[in-house]
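Each of the next two complexes has chain A plus one more chain, namely chain B in the first and chain C in the second.
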Partner chain A sequence: MSIQGLPRTSPGLRVTQWARRGQTLLFNRSNTIMVALAVAIVVGLPLMAMFAPLPHDPLQPDTDAIGIAPGGTHWFGTDGNGMDVFSRTIEAAKLDLPVALAATALSLVVGVPLGLFATSGKLGDTIMRVIDAFAALPIIVIAVVSIKLLGGGATDVVLAIAVVAAPRFVRLSRAAAMALRSARYVEAAAAIGCSPLRIAFNHVFRNAYGVVLVQATLTAANALGTIAALNFLGVGVKPPTPTWGAMINDGASMLIRGEWWAAAFPTLAMLLAIGSLNVIAGAIETKIERVERAR
Partner chain B sequence: MIRYILSRIAIAILLLLGLITLSFGLVSLLPGNPAVALLGDYATPADIARINAQLGLDKPFLERYLDYMGRTLNGDLGHSFFTGSSVSGEIWTRLPNTLVYLIPGLILALLIGMGMGTLAAYRYGRGADKAFTAGVSILMAMPEFVLGLLLLFIFYQQLHLAPAPLGMLSSSDIPPPKVTGSVALDAVIAGQWSAVQSIMGRAALPIVTMGLFFAAPFGKTVRTGLLQILNSPQIEFARACGLKPFQVFRYALSDVRGTLMTYMVLLFAAALSGAAIVESVFSWPGVGGWSLDGVLKGDVPVIQGFVLIMGATSLLGYVLLDTLITLLDPRTRGNILRKARKPSKLRPAAPGPVPAPTAGSAPTAGPKN
Partner chain C sequence: MPIIELKDVRKTFRSPQGLPVAAVDGISFSVERGETLGIIGESGSGKSTLGRLILRLSEADSGTILLEGEDVRALSKAQLRKRRRRWQIVFQEPFASLNPRLTIRQIVEEPLIVARTYGSRAERLRRVTETLEEVGLSQDFLNRRPANLSGGQQQRVGIARCLVTDPALVVLDEPTSSLDLTIRASILRMLSRLQAARGLTYVFVSHDIETVRHFCSRVAVMHRGRFVEIGSTHDVLSNPQQPYTKALMSAAMPPIPYNPGTQEVMA
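Then we have the complex of A and B:
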């Protein structure tokens, strides 16, 4: 077989130094400009929705302006009810992003301690079996049922998403705890009589929090998608309130007629937010890798 | 090994019983009285009491639970509160409709994912790999319904290639005579190829949506797995022996096989539970839209039936998966014979980060010893 047939990973065939530097500048996930932009989007969109003056009232239907294409007065056009798409898209960030972040935080708070302590013993086994049973349940159905169960406001969506996402953190932190529990320093800590609580958080978790953090950011991105999917199905949102998922659902029928703007702009906003969270996760990951390599 | 498989089946049966309990418990806690929902807000107390008695809701909790357990184990999932149709009957007619697009979709995803992932692994660091990574991140960020709507916009609205998203058959198609209850199967049995063609044409966009949506995790897994194995000594050795590239690739792929199968089952379960989304985009008369309707109306037997069927299907998938992996992968068999091995006492612990599970939950059904 020829040299060309070898994979690029073979030593001696790697990309040269200068080429790699160029690539880092262009494609690297931890590109500072990209990360700054991503953080600005994730933090800025909700703030903008809260404090910036919107050009139109996002809840006020205008019967004279139904389904207008994007233009001067309505930057993103208007939807089937005559509500301004731009104002609604921004306004939706106020609900969508905080809900996604809160759900992630809640599932972290519940999942990580469970995972750290589920490494051994009868109780740990039981916890893992319950988690397995949860994994066997259809996710969207759990979410829909629990939202229905709780009433259907934003806080209920937070709870539902947290329930769905928590098993992931249980597994992840459990895997970390399993891998680290026979590490020298953990054994040493146990030998000098540290309490299990101290070992779990001060010794095990501190050395694994990076992975958990990356997963948390990805979970937040995922949660945004799930929330949008739920709202798209009409769950967890009351009609005039704008959320990206509900707006996409409203715009879908217009989309099929060829009036793309009512669905396209909320979709873009949502993808932008999800993409930003992914960029942030990538940056954290690269950072951790760098720290690991430096050790 | 037979003992191992039997133990997996036993665990699955126990989990199934747990699932029945869970679906009963979860749904019994739903707020609102179904009788009120059924009769409207102006129902008289006498009417409510009558309906409650009719639905068996006036009995004590424990009796209802035992009754439910017994009926479910006999295969009777009850009747819908609202339409009165049998839940198991509905599932039998609707589940094939969902599988019509779901299984081809997953196979398409596997094909796309394997092709792209292999290409990316073989051309690591070059243009194809860069494009693959970018494509995967874009696809991963895109929820299912966005993908479906995008495809609809391009292929129906702009190019006029796809039919309107209005269900499985158009009004001009003659529905096939009823044999099994599911339209697609009946059309095949009756030999109505025009109807089959129509269904396939309408299923094309859902299939492509599924295919693209699930191709990303498959592709990522294949790429990561192949990258690891292509640098391993055994592949180096296979190359040194002068095997043809195709044979080398086959050996490399056999290492990724287990992970891929795990993914297939996980994604099948995920796809079934997410069926409501695709079905609401394409107005597809499958099991997803029906169950969502049931959930939104608070139709207790429908919700219970759906949760149970989905859970049972996933459990069945996990058992099959474990069996297959044990059959195919000799390494897992060795572990079973050696019985429970004390973890990490033998190996030096690596204080590095634990590899994060990529999509969704971590593979639960991996070989556990």
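Then we have the complex of A and C:
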């Protein structure tokens, strides 16, 4: 493919080729590696917090070591209370990630069946109107208010985020159910005597779970951000228990003195976790596309 | 006692403009056990709707539908589900009627699971394998998915799914119209063989007069939701009484390609 009058390899073309090769390397060949890494981060971080020995006690302030820069003893430095930022960053994963995943799981379990059955009738319409009303409310405000009302433990955060995220799953699974309701194989399932419940899960959901799964991983990523925002605002888990959001809040006040580490590392950890969830979502999406194309 | 008995069955749809369209307009007939009734008509004549109404896959507006002496329209949803294994249907589009995510084994086994009276896993698998063999598919197909099968094989799976619970009555809704000619012939031969072996009753919905001529003992000609003529296949097709039947027959592709002078304009 050469255009007349132009040399076969121009610097521009070469850059394009490099870029393409890089893309292949990053997204195709080492895709498996990326996904493995992403799963390792999402699963491994909490496990590490639970079982691996941390270099310092994440809850122990050290008045002799306040605001120390990253170095040999304190890898990520120490915060304004003299607590080890590395240990706290890891320790926070124990709470943040499971809370995000639990909230997603809960909204999935509630939202999907609602959506599959809200396709028709008065009940279906009512469910959808309630969902619409929910969607009109500002997310963070509802979360803050409900967590305050509930008392403010980790379970309350899970509940609040699940309530906020569930409507998306209701809509998504409802859309799938509506689209597949008139599919011939759904009619065939009714013709052999399947119950509505069996049709909903064995025939409708089985052909739609991919999109729901992608949405679930993205919701988990989103939930991580929301949890951080809540903890940043001081709602939810009480200090000194470390969470990424609360750590960023603490570290923010140190930024003005040029002490960047107390805020930067938890932010980095959070970005890494959110990025990992997005990579997983992307991988699921690619897998689905491949299955669709194979049909 | 006839296996199917319909009395003055009606079904009206709303057109997109909101006008009522009578898809099935007061139809009555009966079918005896072991018989094959063909229902022919042009697209939109209501023949597929009638096939669905018989099995209550679509609700009739009025009339009586008796299957094996039972009033189908009076059954509760749960009672109806229990009886579905006796009254089955084969659809026109074989691929669309098979869930693409399931294996052939899962597809054919599902009616047995739903009916709950077919014993253990091993027992069910034996039955599935036997039925697949009966429709000409070997064990190799058990773990394949619909997309990996040819159109003819897909339709064989559809037929196996409907026969696995030993039904008494099968509605065949244009089962061969999306298949090519040689496969069509082999599927029809197989259906005839299965009918003889199992004493099945068929309602064969089709727009293809030649297929109906070879396959059905009786035929009903449907036009705008009504039967214009019903009788033995020989009588109706070789000596049609109604002008519509005559028009339909002359519009069909003749088995001898060109025969001038028999063409009539469709009413």
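Side notes on the structure shown:
Keep this in mind: the second predicted complex is superposed on the first by the 269 of 295 C-alpha atoms of A that agree within 3 Å, B and C clash if a C-alpha of one lies under 4 Å from a C-alpha of the other, contacts with A are read in each partner's own complex, and residues count from 1 in each chain.
Throughout what follows, a contact is a pair of C-beta atoms (placed from the backbone, for glycine too) under 8 Å apart; a residue touches a chain by one contact, two chains touch by 3 or more.
Values in this document were obtained by computation on a predicted structure and should not be read as measured data.
After alignment on the shared chain A, the placement of chain B and chain C results in a side-by-side fit free of clashes. Touch criterion met: A:Val211 reaches chain B, while chain C stays clear of it. Contact with chain B, but none with chain C, is seen for A:Ile256 once the two complexes are overlaid on the shared chain.
Once the two complexes are laid over each other on the shared chain, residue contacts for A:Ile288 go to chain B alone; chain C is not touched. Contact with neither chain B nor chain C is seen for A:Leu54 once the two complexes are overlaid on the shared chain.
Angle at chain A (Cα centre) between the Cα centres of chain B and chain C in the superposed arrangement: 100°, in steps of 10. In the superposition on chain A, contact of A:Ala183 is made with both chain B and chain C.
When the two complexes are overlaid on their common chain A, residue A:Arg198 makes contact with chain C while staying clear of chain B. For chain A, the partner that touches more of its residues is B, with chain B and chain C as the two candidates. For the pair chain B and chain C, the least inter-chain C-alpha distance in the overlaid model is 7 Å. Residues 183-184, 207 of chain A touch chain B in one complex and chain C in the other. Note for the complex: chain A touches chain B at residues 1, 5-10, 14-15, 27, 129, 132-133, 135-141, 144-145, 148-149, 151, 167-168, 171-172, 175-176, 178-184, 207-208, 210-211, 214-215, 218, 221, 225-226, 228-229, 232-235, 248, 252, 255-258, 260, 263, 267, 270-271, 274-275, 278, 288, 292.
Put simply, chain B touches chain A in their complex at residues 15, 18-19, 22, 26-27, 29-31, 121-126, 130, 137, 140-146, 149, 152-153, 156-157, 164-165, 227, 230-231, 239, 242, 245, 269-270, 272-274, 276-277, 280-281, 291-292, 295-296, 298, 303, 306-307, 310-311, 314-315, 318, 343-345, 349-354, 356-357, 360-362, 364.
Listing the residues of chain C that touch chain A in their complex gives 55, 57, 80-85, 88-89, 91, 93, 96-102, 110-111, 114-115, 147, 158, 161-162, 165. Residues 183-185, 187-195, 198, 202-203, 206-207, 294-295 of chain A touch chain C in their complex.
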